[in-house]
Every structure is written in structure tokens, then in C-alpha cells.
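I'd like to ask you about the structure that follows.
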Amino acid sequence: MVDQYPAIVLLAPFFAAIAVSLLGNWKSGFCLPLTVLSLVISLMSSIALLGQVAESGEVVYLLGGWPRPYGIEFRVDPLNGLLLVVICTIALLSSIYSIRAAAVETPDKCPQFYTLYLLLVTGLLGMSMTGDAFNLYVLVEVASLTSYALIAMRSKRAVLASFNYIIMGTIGASFYLLGVGYLYMKTGSLNMVDIREVLLESGLYTSETILVAFMMIMVGVWIKMAFFPLHGWLPNAYSYAPSTASCVLAPLVTKVTVYVMIRMMFTVFGPEYVFVYLGWSDVVVWMAIVAILAGSILALAQTDLKKMLSYLIVAEVGYMVGGVWLANETALVGAIYHVISDAFMTLCLFLAAGAIITKTGKYCIKDMEGLFRKMPWTMVGFVIAALSMIGIPPTCGFFSKWYLINGGIEAGNWGYVAALLISSLINAILFFRVIEVAYFKKESTDSDKEETVSGSSGVGEPPLTMLGPLLVTAVCLLLIGIFNQEIVILIRQAVSSFGPLGFIG
Amino acid sequence: MIWQFNLIILGFLIMAAIMSLKVTDLLSASMIFGIYSFLMCLLWAAMGAVDVAFTEAAVGAGASTVFLVATVYSTKRKSSD
Amino acid sequence: METVVSSKPLLATLVSLLVVGPIILSRRRPNLRESWTFLAGFIKLGIVLSMLPIILEGGVIEWTLWEILPGLALAFRVDGLGMLFALVASTLWIVTSLYSIGYMRRMKEHSQTRFFAFFAVALSATLGVAFSANLLTMYLFYEMLSLSTYPLVTHHQDREARAGGRTYLTYLLGTSVAFALPAMIYTYMKSGGSMEFVSGGFLAGSVSGGEATVLLILFVFGFAKAGVMPFHSWLPAAMVAPTPVSALLHAVAVVKVGVFCVLRVITGVFGVDFLASLGAATVIVWLASITVLAASLLALTQDNLKRRLAFSTISQLSYIVLGAAMLSESALTGSIMHIAMHAMGKITLFFCAGAIFVATGKKYVSEMDGIGWRMPFTMFAYLLGALSIIGLPPFGGAWSKWFLFLGSVETHNIYLTLVLAISSLLNIAYLLPVAVRAFYVPPGKGNTKIDLHEAPTACVIPLTLTAFGCLALFLFPEILLSLARLMGEPS
Amino acid sequence: MRALGTIAVILTGALLLYASGDFPAWGEPYSPANDSRVSRHYILKSFEETSVPNMVTAVLADYRSYDTLFETVVIFTAGIAIISILRGPVDKRVRLRRASEKSLRQSNLILAQTCRLLVPVIQMFALYVIAHGHHSPGGGFQGGVIFGASLILVALSFQLQTALDRISEKRAMILAGIGVLIYSGIGLTCVLLGSNFLDYSVLSKVLPLSAIEARSYGILGVETGVAFTVTAIMFAIYANLSSHGRMKGGL
Amino acid sequence: MILVDFIVSRFNYWIYIILMMMGLFAMIAKKNLIKKLIGMSIFQTAIILFFVSIGVKEGSTIPILAHEAAHDPAHQQAAPLTEKGEGHIQNGKGRDALRAEDYANPLPHVLMLTAIVVGVATLGVGLAVVQKLHQEFGSIEEPEILAKIDSDDG
Amino acid sequence: MYPLISFSLLLLVWVIFSGKFDWFHLTLGVFSAAFVTYFSADMYFTDRKIGIVERLGQLVRFSRYLVWLTYQIFLANLYVLRLALWPNGMSEIDPRIVRIKTYLRSNYARYVLANSITLTPGTITMKIEEDILFVHAISRKAAESLDGEMERRIAAVFESPTK
Amino acid sequence: MVFLTCGILLFLLALLVLLRVIIGPTAIDRIVAVNMVGTQTTVLLILMGILFSRVDMFVDFALTYALLNFIGSLAAARYLLRTKPLRDTKITVVEVERG
Amino acid sequence: MNMILNIACLGLLTIGIIIFFGAAIGVLRFPDFYSRMHAAGLCDTMSTICLLMGLALYQMHDLSLPNLLVVGKIFFIVAFISLTGPTSTHALIHAGYQRRNRPPIRDSKAKEGSE
């Protein structure tokens, strides 16, 4: 059974999805326990898998028993082992959170909702495990289709957002597919490791096809992760989605795509191609800088809480892309660490935003006055996440920024360092704007009495199922920060397996 | 592969694609998209990809077109571009 | 030098943090709640005192928690400077607690539980800074302090508080992220992964003169709590806070944390000798000098007493920075002592300002005509505190001023001596008129109607205590002096 | 938007054209892709290893069966997605332009008769396609679409209700779930029998077959699962799309 | 003949680029949502065209093993009619002489089966979304919908 | 009885499709045929009153009719070709709609009639309302070809015993 | 060769029909033409089967095509039948003939 | 024997193509939708049948069982097409008529009057 961990991680939510869709029609009470149960199983086995990986290095699981390169395989190294744990944890937390939210936001579609939810998680898990370039595409599509549907379950603008997401998402995925096609044309293989070997053996680095393949894959992945000029679909999609859906979409989808980018750059093309042969890392880092600044500034212009958070994701993606392309180990470690910490930060923020919106029904930042009094614990969670976004120790945001800035300095790219700092400052402004509004009461006006009456009666702390995950996430933020060494050691283990990174090596 | 067919079909394909994007009547567009998809089917067949051609035949004729028509039915038929 | 491994610094830091829980839980019973505060205060003071002998003997206490970044642990280390600061902070916390009970209850402030809870957190952070063994730990507690004092500053939750709080956080958080963090990371990289404070500095030899200057400026600006211009305006803005907050935090904890950090950076990161060899501190010297003078002049123009005191604080803080930047042994000793002396003096002044406000509701200097004889204890204490700040014997301030002057002479820089002299004169000019008005100017017509009487006892006792403290510090400076000397000694 | 589109198109197009200069010629039998060991292995060894003459089926349902599992899941997802998107709170929606109810009830004689003649044969054909995926083009997916199309044909030439009477939407979704379950269940059985997921050869432990035959039969089982799902989902999608998710009236 | 060779050897790739760009342009620039979806389908099929083009081998047959046909004399007889058009389609080899060159590369076909399925699934979901948009806004033109949203806000 | 016939017909269809006669494929065929019989055999033989022997007779007669029909279709095709290809063919086009009241009673017979009319180019059945067929004819000549010959033959196939 | 020519001819003829698709003024014209091309595809598929010498493989989806092409046109016809209310069902009878 | 088959096959193919050619021309030339329908719907069916028959004949060069089955399948196709062809033609023309797309009828008034 021990060898089957990779399969169990993936299959638990997968079978649960089918079970939910079958049993849910009969009795919708089955949905939630099944979801939670499967995610717990998945989480446990992913942790076990991570342990195994940390101990003995890469774990390879041959699907169908066919060896590389004929079949498809799962390759789990510390990097995606970590990611699996993150995905499972986040999915578990937001599924607990969904107990109330789903019932409110998507009434009488419970089975569908949970099926889609679990399939999304399955897709993401699969994306992070697979060692096959084409299989990755299929799983990307599983994840995308479920996201489209989850977003479009709400009405009005969410639907338009979903449509735009479909268009952009398809362009992205198709570009990726085309890139894989180009790779296949030149190498004749689809297995990531095998492609790399062929690339090296046949000396294909000078080929135009490989160059274009690389560009296509990158552009496709960038569209999927909403890298700045290609981010158009994200803010609306995430901010109008049902809150449970956005709680799992926002933290995971972009992050897993960043992982895909890393995987493509380092495992498939190899750092020597990306950094040494192409040598565009500066250009991309500058694009990332623009992304960071633009994301932050656009976030500053928003009045809607969730929209602001969505634009922040755009900025955060800039962090990660920049970190990866800085072409040194510290920055790469920082970027990967940021993938993990940002996943939790985003989750925490969206959980808090979701809780606020479900309880108060308010979307605009300016309507959130006095929330500290009404829902103190929610706001505690929110504040911790906000601090992490700003980069205050000992939350994890600080440490990821630490590594990223370190890497930036190491690479001598001061623009990136400056962008990180400026964006941290903008984050500070953004979040303290919210916190301030929430902390202060509304200026007393004529309707003061009514305010207090309505304020005291209607709104209180959200139920424990919403609050619990929020606080757990907040604690996770602190824990990830405090114990960042353990995580970083794992990440370094993965990074070192990528071989020397460009300029240093 | 039958390259003679291949060339001809490719030419047709372009025509069909342009047409289905140009026509302002969405029902026509759907039907022309049907042509497009079975030209594709022929193309796959000409290239020896029978399974793909089979799938395309089934999907193009049996599913895509009908779905498009169904959607046009429940929305609008005129398009602005 | 003896190194003792002990968890005492950690305990001292945590004790006030641990008490937050009980405080919140007992929010319905104010007396119990306040007794928790006192309990924690005394325990804290006890722990700090228990460490004192070792430090005085020249020992160091260390405690490492765990490694948080490669080569960097969350570590505590107690030496002379930290000990002195911790001593001041923990002593004054007890006093302030007493004062704030009187103040808050009399003013019938809302959310007292929150107030006391965050107060305790802030104290933890202060001690954390005092005992931190490396830059990172220090930064961590520094940020914790900024954040935990935000609710205190904006306690009133009105428009003014909102504006003040906004400025407060913008400056403190902004500068720390924008300047201190990159400076830290750069330091980290240059030093090859170490940020441990070492007397004599760990950067010596690994950075060039230019880099050192830039880094130093980044650090000084980054720790904006030190109030060096142009990043000073948060301090007057923070005066919207209730007076106990202003008193403890903006005379003792927060601002002193700022200068403490600057001192640490100069002594522990760069090393006095290294800086002297590079001449990198000159910029800081001039910045500080300008701040000293400009803040004093600005203080003169303020009518709001608390604001005037705030500007005075800015000016006094820059003495400390100046003293450190002069890089002479005496000046360093002076500036370290000034932390304590100024704290004692300024807290007295703030207490008085608060007491006046509690008793009469007056905030402005121009309204204070003739109140001296109505509230004699308060105003007398004010006088003592003012004299201490000015630096006249027989008050504590005299010692630190003396050493600073000595230091300025040692550096053979006549301008510095001049700056110190002028600013002392300015001190007189902005502090004494209040006392003079209170005692000698007869009350104006508008004020006679108000029934004036002394502030509540819980307010008067602390301010009397601190006033006498100023006196006592003059008489018994040995402990402070020896602690300060510990740092001044070349390694 | 137009300008943006033009720019994107020109940039991408130029990039792709640039790359196409480096392509091996079309139809080149010894191009890297065609001459790679993967492709050679599939062509030369697949019959030996799976006893399926149709290499595409062998690769699809065995070597890369994990892909195909998720292909099925994609379809399944699409069905659920469409239901969850279109099924809103009932009523209060844009009124459909409906033809008179009378003409809905009456079905056209000619259409009805043709449909009667065709549908069973189409279904037979669909089942044939599913079952003969090993030997001729086709397989679960194609057969499933054809079967689904036969149901659509019923709906088109009679009424949607006629088709729904045969298989209601709810049943269709259950059927789709069962389809995926069959597929993954076979995979899981392999795990339970002590091998890797989807390694059909291990089925020979419980079936009276050799390992290679087991693969062949495993493929058939898998294709059946795909067919179930595809049939059900194709019909469900049509039913939803044509009736605005209300399951009555409709095209 | 060289010209023909040149055109034939690249034509597929050119056409797929043209088709793909048409699809891309429609996806970005068309206002009508259904048109966008048609564009999307064209875009996807263009990629499928590319993939299938990779797997073509000159003179090869479909990737289904002809072991039954091998014992079937009909095909040997049928050869004369096809020979000229097709160069050398040779089937009558049997299993013993299985040559990789005789069969089209099956892998791209497999991949594209999946891609077609994904395409139709995406199209279905897209169409459902369009219908829902029509329910919500009464229009399937992007500018109109945006205008409606703006007026809802204002 | 009829399900069984449907079953065997479907099995026959399977065998033609399949072309594999090993037990495995035949079993599959039996399953499939059974499934389709269960699922949609009600599509066949809606009128279950007619006996099987009668059906067989119909089949034989129908195939004879088919031959005649093919011939007719061929002729008609030539006619339309002439219209389309001859330069003056256009002038002969003279569309009209013809209403035919048929005496055929069974749906199936009417269906065959309608389709036969459609299959012979020049005439297309536009609409059937009970026993009235609306036929669109492309020209006078095409309209004249609807002289009842076809109807008679169909009646002979399907309804002769009852007449 | 014969079959190849035959196929090319059919393609060229299909081009003529496509012309109708392009100019076809109404949707029905286009649908008719589409239907026609669809039927022709069946033949072409079998032709290709012969060219590949694998008719047994190609005939299957020629069959599919024959079956499914019908559904497309039927859907379009249904659409046209359903969308407009049938207001005037009286048919102008030009000539009556009794069979 | 083969010769005859070949000739028959070729003949059928030729006929099929000619009919299809006529249909295509008809579709292009005929003035209105209804008359185009005549050309399209029916000639098309016929030509397809002819072509398929031709191909089936070719297939009968060798009367082995698999080939016969292929021929059987081709006959199936023929049957289907002759069923679906008229049906879809009918459906379309019906639809066109129901949409009040009146056929242009010469002298319609005079004839109508006479009824």
C-alpha cells in the first residue's frame, strides 16, 4: 500500500466526486461528509508521500505499469510533494468552510457543486503530480472546466466573467498544447524527463521550433496564471465567483500554474536552456516588475474587497514569476516558498472576505465599518493574512519576501527589489485602508441610532465552520513562517535536483 | 496520406472557416461550422488518422452542430459581426 | 566575558504576552483585569532585576529558540544596553499601569480591555527588542510593536484618531518595510549570512564606505521610531492617543525602541570603530543635529501641550542618535544614559499633561494660566521633569547631557557642542513657560468658572513617583552608568 | 478589441511562421516524432503487449489510459457544469419564443417514421463501434457519441419529452457517473490486486486470461465505461442546451 | 515538381497557422459570443490539425494492424488501381514483416482524440454560459452586455 | 413475439456490422441486441395487429416496388439534370403546389408514398395533414407525373389484402 | 488513379456547392447546400478507404457520417420550424389533382 | 469477370458524378429556394447512391467474407441515405414553407382564381 500513495492522493477526491454525483441526487446530505472524508484521506497520504519523498528522494509511480516513456507516470519530488500537501490542506479547509456558504450561494445545486469542487481538486492534484506534458494539458482542462462552471454558478456578472475566462483559458491551454506539440515534433516524446534527455542528446537548443515551443508554453502558462498583461480574466472571475469557489480557486489555480511553469522551465527545458542559452531572464523579470506594480496599483483603485484581493493575486503572480526568472537559487527558493505561503495567504484573505460578505452582504470596502466589533475573530484572521501580505514577521509573507529580495540582490536586479518593496508598501496601504474602515465606526450621522440597532442585531461572528478554517489558516500562516526552515530545506532539495541554475553554475 | 485531397481540403477549410466567421446569421454560421467540421473529418481521413476522423465525424455532425443550433435557438439568431 | 544560557529573557518578554489571555477573559471584572496587569508587571520587573547582577558583572545572557532563516535564529541576548532599556521599560510599565487605571476610569474610556491587552502586547514587543540578539529578531519585535500600538493610538476611534493612526502606521510600517528590510537583507548578504549583534560590529570589513553610509542612512530612516527628520511627523500625529499611551509608548517604549535600534545598529552591526574608520556616520550626525534644532524650534510654536512634548521628544531622541553617531565613548555613554533619563523626565511631563487634561479638560498651553496652585502636585512634578529634560542638576538629565557635551568635545567638533548648547537653551524656552504660566500668571476670566482640583490619586501618585525618580537618577546613577559603560567599552 | 486582436494575431502568426521553417517536411517518415522510440514501440509492440490491432485504441486505453480517464472526466465535468450553470431558480426568466403547443404535440409523420426506422440501427451501430474499437476505428467515445446522437435524433424528430421518457436527465447523470466509475473501478481493481492503477495485466489474477489478454479485455471494459459516460452526457448536454435547462419544450 | 514538393511539405503547417490565427482573431475581436465560441472551436481544431500533421508518414497506412488484411488477396489485387496515386502502399506483408514506416504514427491521433473531446466539452460549457448570459442580460453581444452591467451599476 | 423479431433483426444487423464470428463477439452482439431491443424496440412495428406472414408478404412486394421506384427515380433524375444543364432548362421551371388526397390509410404506406414522391426529383412532399399531401412540383411536367400510379403500387404493396 | 480522379472531381463539384453556401441568400439555402456536401462526404470517405486499401476501416465512419449528417440538417429544420409562430397555415393551392 | 466489374464500376461512378454535377449546377442556377431543393435534395441522394454502388462493385472483385460484409455495410449506407435524404429534404422544405417563405409561383393568381 505504501507505493500507492500517489494514486491514493489523487483517487480519494476523484472517487468521492463520482460518489457525490451519484449519491448526491439521492440524498444531498452525503455530499459534505464524503468531500471532507476524501480530502482528509488525500491530505494524510500526501503528507505520508511527502515524508517518503523527503526521505528517499523522487517517487515515481507508473500508471498502467508502463515504463517511461511509453506510459504516463507520476513523479513526485519534494517540490510537488509540498504542493500536494498545500493543495489538500487548502481544499480541506475551504470544504469545511463551504458547509454554510455553499448552501447559501448555490442552493439546490449541492451535489453538482461538490462534484465540481472535488474534480477541481483532483485536476489540480493531477497537474502537480504528472510527469507527462500532454497529461498535464488534460488535467489543466479538467481544472479549467470545473472552474468555469464554479464561477458561472453565480448569476449576472459572474457569468460574463466566466465566459471571458473560458475564452482566455482556452487560448492559454491551447497555446500550451501547441507548445507541447512543437516539443513532440522535435523530440518525439511527451514524458518530461525524456524530452529533456532528448533535447540534450540531440543538441536541439538551437532549434527555432524549440524556441517557439518554449515561448508558446510560457505564454500559455502565463495566461493561465494571469501574468500581468494577460491577467484580464482573473479579477472579475475570482471576485464574482461564489465565495467557496473563489476560496479554492484563488489560492490554488494560479499557484499550481506557477508550479507548472517551474516544472516546464527546469524539468523540461532545463535551466541551461532557459537562462544560459536564451538569456531573456532580464526581460521577463522586468515584465514581472511591471506586473507587480500594475497589480498593486490596480488593486489600489478598487473599491470592492474581493476585487482588490483579486488584483493582488496579479501582483503576487508577478512576485513568483520574477523570482523564478531571476535565475538564482535563492530567488527560486523564494518563489517556490512564496507559492506555498501565498496560497495560504490568499486562502485566508478570501475566507475572511467570504465570511464578511456572507454575514454582512456588503462588498465594498467602505461599507465595512465597525467590523472589528461585530466579528472580531474574523478580523483577527484577516489582519494576520494582511500582515503576511505586507510582509511582517513572523508571518510567512515576510520570509518569502526575504528570500525573494535576497535573490533579487544576489542577481543584482534592483528594480525587482524596489518593486517588491513598493508593492509591500502598497499592500500596507491597501490593507490598512480596510482595517481602518473596519476598526472605526461610521462617523455618527443622523441615522446613528438606526445604525447601531441594525449593527447590533444582524451581524455577528460567522458560524464556527467558517471561522474555524479561517483561524486555522491564520495559524498556518504563522507556522509556515516560523518553521520556514523545514520547508526551505525541502525546496532546496528539489531545486538542487534541477541542476545548476544558469549564471551561477 | 493522400496529399492531393489534403491540399484541396485545406483550401476548402479556409473558405469554410472564413464563412462561418463572416456570416451574420448564426444559424448559417452553425451550419457552415458543420461543413468545417466534416471537412476536418475528411482531412483526418486523408491523413490516415481514422480514429480522429471518426471522432470528428461523430462530434462534428452529431454533437457540436446540434449544440450550436440548440443554443442559437434559445438565444438569438442575428449577430452584429 | 561570561555567557550564561538562560531562558529568562524569553520569559521576561513573554510574561506580558501571556497575560493578554487572562485580561481578555476577565473583561467583565475590571479590578481582576487590572490586577493581571500588575501581576505581569511585577513578575516582569522581577525577572529583569534577577538578570541584572550577571550583566553588571559583565556577563551576557543568551537564549536561542530556533533557526528561522539559514544561520539566523530567533535568539535573545541580554547585555548592558538591553538591560538598561528593559529596566527602564519594565519599571515604568508598572507606574504607567497605575496611572492609566486612574486616567482611563476617570475618563470613562470605552474598550478598556482592549487597551490593556494591547498595552501588554506592546510591552512584550519592547522587551523583545531590548533582548533581541540579532537584527531579524529585533525587526520582528519592532514590527510587532508598531502594530500592537496602532489600536492604542487610535483608541478614540474618531476622525482625528483615524487620521493620526493612518500617519502613524504609514510612517512606521512604510519606513520599516521600505528601508530597514532591504538594508537588513543587504547586510545579511554582505556579512555572509550572519546578523548576530557583536560588539564591534559584524559588518566590519565587508562593506565599502559608500555602502556603509547608505546602509546606515537606510537603517536610521528605516527605524523611523527614532524620529529622525524627515520621518518624524508620526510622533505628533500619534498624540491623539490617550495620555497613558503617549506617556509610556511615546516617551518610553516606542520611540526608545527606535533609538535603541539605531544604537544597536551602530554598535552591534557596524561597530563604532569601523564607522569611525569610514567616516560614514557624519551624515547621521548632521541629520540628527538638524533634527535636534528644528524639532526644538517647532516645539516652541506648539500650543497643544502634548504636541509640544512630542516635538520635544523628537528633539531629545535625536540627542541619542547624535550621541551614538558621534562615535566617541563618552557620547555613547551619554546617549545610552539619556534613554533612561529622558524616559523618566518625559514620562513625568506626559503624566502631568494627562493629569491636567483629566482634571480640567485643558489641552492647550495658552489655557493653563494659573492652574499651578490648584493642582500643586502635578505642576510641581512638571517642573521637576522639565528641569530634568533641560539637564539641570540635580536631576537625572544632567548626567546624560554632561556626557554628551563631553563627547562632543572629544570629537573636536565645535559645531556639535554649539548645537547641544543651543538646543538646551531652546529646551528651557519651550518647557519652562508652561510652569511659569501655571504658577505666575493669574487665571484668565474664562477659566475661573471651572472647578479646578487635583487629578485623581491614581494619576497623581505615579507622576510624583517619576518626578522623584528624576531626582533619584541624579543621585544614584551608578547602575545606569555602569550599564552604559559596558557598551562604551571597546571590545 | 479589433486592434488588440490584430496585434495578437500578427505576433503569434509571425512567431509560428518563424518556427515552421524548422519543421521536418510534412509526411516525412523519419522525422524525430515519427521515428522516435515511443512511436516505434507503439507501432511494433502494441499488438504483442496488448493484443489489440488498433494501435490507437491500444495507446489510448492502455498505454495512456490515464489520459483517457481524465478525458472521460472532462466530458463528465462538462455535463455537470452545464447542469449547474443552466439550472437556475425556476421561472422568472426570459420567455422563450415558443411555437404553439399544438404543433409540439403533433410530430411530423415523415420524420417520425424515419426516426423509428433509424434509431435502433443507429444504436446497434453505436454498440458495434464500442465493441469493435480493438479491430477497427472507433471505441467508447465515438460509440458513445453515436448512441447519444440517436437519443438526440429521437428528441429532434419527436419531442424532447419523448427522449426524456426513455432516459431522464437524472438517470443520464447517474449513468454518466457509473461510466466513470466503471473506468476508474477497473483501475482501482488493479490497485487492489496489488499492481499500479490501471495496470490491467494484473486482472489475469482473477480472470481466466493471460496477462496480455487481460489487457485487451481491460481495454474493452474501459471503453464501455467511456461509452456510458459519453452517451449520457451528450444527451444531457443537448437536453439542457435545447430547453434552456428546463427539460421541457425545447428544440 | 520541386515547387509542388515544397508547397506540399509545408502547406499543412501554413494552413494550420492561418486557421489558428483566424480563430484567435475571432476569439478576441468578435463581439458576438457565439461567434467567439465558433472561433474557439476553429482555434482548437487548428491545433489538432497541427498535431495530426506531425504524425503523417509518406506512404503509410492507417495505424490499425493489417494482419487480417495480410491474408486477404483482395488487397493485392486492389493494388494496381491505387498504386500510381499512392506510390507504394504496401500491406501484404503480414505480421512477420511489421515495419514502423508502414503505419502512421498513432500517438498524435491518441492525443488529438482527447483534444477533440476537450474541445467539445469546452464548447458545450461555453454555450451553456452563453445561454445563461442571454437569460440574465437578454443579449449575446458583448458590448450590449457590458452596457447593461454599467447601467446596473450606475 | 415482436420483440423477438426485433431482436433477431438487430442481431442480423450486428452480424453484418461486426463480421466477427468468434463466440466473444457474438456474445457481445447478443447482449447489444438485447439491450437495444429493451431500450428502443418499441420504435419498430407500431401496428402489432398485422400478422407476421403478412409482413413477409409486404416485404416481398415492397422489394418489387423498390425496383420500379429506382427506375422512376432514375428517369426523374435525368429530367432534373436536363433542367439544370440545358441552357433553356430554366425556362421550363414553373413551380406549383399540388394537393393530393390519398386513400392510403396506414401511416407506413403514407410515409412510403411521401418519401417516394420526394425521391422522384421534381416533386417534394411539403406537408402531410392526415390524408392530404401537399406536394411542391418544379414544373408542369413534374406535376403531371403524379398521376396516381405510384399510389396504386404502394397500395398494392401494403394494403392489397384488406382491399 | 481512377478513384483519385473521381475524388478530386467530387471535391471540385463540392466547391460549386460551397459557392451556394457562400452566396446563399437565406439560411435554408445554406443548409441545403451543407446537407449536400455532407452526403458527398460519405462517398469521399469510402473513396479514401479504397485509396488506402482499407475500406473495411473507412466504411464504419462513412456509415456514421450518413447517420449523423441527417441530425444536423434535422436540427436546423427543427429550428426553422420552431422559431416563428405559425400564423397562416392555409396553403395556397394552385392545382388540384386527385391521385 | 473483373473487366465487367471494372467497367460497371466505372460506369456507375461516371453516372454518379454526372448527376452530382447536375445537382451542383442546379443548386447554383435555379432561381429560388424550392427549385434548388429539387436539385439538391434528390439528385444528391441519387448520385451518392450511384457512387456508392460503384464502389461496392469494386469491392466485389474478390468475394471473400470480409469484403462481402463491407459491401453489406455500403448497402446499409445506401439504405440510410435513401431514407434520410428525402426526409431531410422534406423537413427543410416544410420548415421553409412554415416560415411563410412563399414559393414564387407563376400565374398564381389566375390559378388560384380557378380553384
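Points worth noting:
Each chain gets a letter, A, B, C, D, E, F, G and H, in the order it is written, and its residues are counted from 1.
We take it that a residue touches a chain if its C-beta (ideal position, glycine included) is under 8 Å from a C-beta of that chain, and two chains touch if they have at least 3 such contacts.
Just so we're clear, the structure is a prediction, and the values are computed from it rather than from any experiment.
Chains that touch both chain F and chain G are the following: D, H. Between chain C and chain G, the least number of touch steps comes to 3.
Two chain pairs, A-C and A-D, are compared here, and A-D has more C-beta pairs in contact (counted per touch definition above).
The chain occupying the central position, as judged from C-alpha centroids, is A. The distance from the centre of chain D to the centre of chain E, each centre being the mean of the chain's C-alpha atoms, comes to 16 Å. Chain centres here are Cα means. That of chain B falls 18 Å from that of chain D. As a whole-number value, the distance joining the C-alpha centres of chain D and chain H reads 32 Å.
Chain G and chain H have Cα centroids lying 9 Å from one another. Looking at chain D, residues 16, 23, 27, 31, 33-35, 38-39, 42, 54, 56, 60, 64, 67, 71, 74, 77-78, 81-82, 85, 88, 108, 110-111, 114, 117-118, 121, 125, 129, 135-138, 141-142, 146, 149, 152, 156, 237, 241, 244, 251 sit in touch with two or more other chains. Within chain H, the positions touching two or more other chains are listed as 21, 23, 25, 37, 41, 45, 58, 66-67, 69, 73, 76, 80, 83-87, 90-91, 94, 97, 105, 111. Residue numbers of chain F whose C-beta contacts span two or more other chains: 17, 19, 96-97, 114-115, 125, 127. The touching residues of chain F, when paired with chain D in their complex, are 6, 10, 13-14, 17-18, 20, 25, 28-29, 32-33, 35-36, 39-41, 43-44, 46, 107-108, 110-111, 114-115, 125, 128.
Those residues of chain F that touch chain H in the shared complex are 16-17, 19, 73-74, 76-77, 80-81, 83-85, 90, 93-97, 114-115, 118-127, 136, 138.
Chain G contributes residues 2, 6, 9-10, 13-14, 16-17, 19-20, 26, 28-29, 31-33, 35-36, 39-40, 42-43, 46-47, 50, 55-56, 59-60, 62-63, 66-67, 69-70, 73-74, 76-81, 84, 86-89, 91-96 to its touches with chain H in the complex. Residues 1-2, 4-6, 8-9, 12-13, 16-17, 20, 23, 25-29, 31, 33-35, 38-40, 42-44, 46-47, 53-56, 58-60, 64, 67-68, 71, 74-75, 77-78, 81-82, 85-86, 88, 93-94, 135-137, 141, 237, 240-241, 244-245 of chain D are the ones that touch chain E when the two sit in their complex.
In the complex of the two chains, the chain G residues touching chain E come out as 1-4, 50-54, 56-57.
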